[in-house]
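Two complexes, one shared chain (subunit A), two partners (subunit B, subunit C).
For the complex of A and B:
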């Protein structure tokens, strides 16, 4: 197996919430291992227990608690260990809408990553007051703890121009998704030309092949941490488990 | 009832964009597709969450 991976960032959002990057020298098993680690092994904080003081809204306590669990919380992983908790509280009286941004936390580093998520709309005389515990756990335990959403990878595809197309053939759309490598070695996402190769190479005959051991990852986070941190933590967790296996087998 | 916090299929937070989408596309007269594009709701799984949602709090609240 190759010792060095070659990583190239193709695109990255300014807010650090999504990125697309190319890794060369990976086996398909490793690529899937990274994907699974991003989804299931990087822990995030999420509300787990809610103690209601008053809930006279139109939703049951359980329904409100489920919605609260899904609100992403920023997670400074250096300061927390698995199972640590942070207390949050909310007190809103109608007529008003309780938003995720109304949540008060006991730790200033932990706050809702998105502040405009409506929790519940309260009418005149209705009130929502509770205290909640957010716990640090992994996506294996509950999907609300997944830091990565919509994580996936595709083969890098090489598009070669073989020559001019036969002039009497009718040009049909050649739809291709993902990132292609051109003859000049340029990396282009097919969305840039409408996912149709005939837009980029009109009148050409093309050959499309998968580049061996090269994968283009697309990772998005729910806001609990940056994409960079999420992916690095995922890779660390893979390494830790490999080390653990090595030491246990060595005995 | 209320807009789901996350997309059922992919888990992206979509509740965040509901109020703007409602004001501009459901109650306003903008093209819903354009509003969703501007909000960054790209995937069709997330888009159906917004397009097919109806707020029911007003309907339910008299029957407390």
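For the complex of A and C:
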């Protein structure tokens, strides 16, 4: 089974943050396994401990720390191992807003994936200064380590034109979400025609069926790495665990 | 214990017998200052 996978990329963002791709030859269990691996098994760096030197802002240390933990950091996984730490620091004095871009890092490879995430707004005389340790861990440990956000899949749906519709029938919208396979074998996302099949096939009688073993994945990352890398790492982790199971079960 | 008088904003050291009162302006509302130590917080 493992050698007849067929992968086709349907759409991909220029910044590499999100992609939609079709995989044929998957069982539903495998599809869900990949989804779960993308969410929980690819490690990313996230702030884990914060040492506050000064916090005269209106928020408690713990609240600021929680916000910091959710700032996505770029994670070059080739250079880090699980449990490795990177130190970050921030020093902002009001009146100003402390943004994720104000964070200084000890490693130039690791920086906030987005520079414009507000951490807290500081008024005159308020100051925020801290040092923080980012740790490499997986989404299993804490949701802040999830590399994949909004990860999901749907069956590929085949739309067949059976013929012309009975002219006396009222034209009702036929809403369908996801990616369809047309009679010509073309892959079209339904958003392209307003998710309404009657826009694409006016006056036609249609049959919509799920294509067996074909799943359309939609993966979005938080910016810690490219979608390609995220998905490949997830699949690798799945394979590694399957191999581990195979060697342990074999006597 | 270091406090700050809420009226004259001056630092006040409270002792056991002086009662709660600012020695400079006599105001009875004192605010406790944040301790000047580094506080470590776990992000959980």
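Here is the rule we go by: the second predicted complex is superposed on the first by the 249 of 251 C-alpha atoms of A that agree within 3 Å, B and C clash if a C-alpha of one lies under 4 Å from a C-alpha of the other, contacts with A are read in each partner's own complex, and residues count from 1 in each chain.
The rule is simple: a residue touches a chain if its C-beta (ideal position, glycine included) is under 8 Å from a C-beta of that chain, and two chains touch if they have at least 3 such contacts.
Remember, predicted model here, so these are calculated numbers, not experimental data.
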* Asked: First (subunit B), second (subunit C), both or neither: which does A:157 touch?
  -> neither
* Would you sort A:146 into first (subunit B), second (subunit C), both or neither based on which partner it touches? => first
* Asked: Does subunit B (first) or subunit C (second) touch A:114, or do both, or does neither?
  -> first
* Scan A:138 for contacts with subunit B and subunit C and give back first, second, both or neither. => neither
* According to the contact criterion defined above, which of subunit B and subunit C contacts more residues of subunit A? -> B
* **Touching partner for A:75 - first (subunit B), second (subunit C), both, neither** => neither
* Asked: Where does A:105 make contact in the superposed view: on subunit B (first), on subunit C (second), on both, or on neither?
  -> neither
* Structure fact -> Residues on subunit A touched by both subunit B and subunit C 56
* Structure fact -> Per the touch rule, the subunit B residues reaching subunit A in their complex are 1-3, 5-6, 10-13, 15-19, 43, 55, 57, 60-61, 64
* subunit A to subunit B touching residues, read off their complex -> 56, 58-59, 63, 67, 70-72, 100, 113-114, 116-121, 123, 143, 146, 149-150, 220, 222-223
* Structure fact -> Residue positions on subunit C within touch of subunit A in the complex are 34, 38-44
* Structure fact -> subunit A residues touching subunit C in their complex are 46-53, 55-56, 61-62, 65-66, 68-69, 142, 144
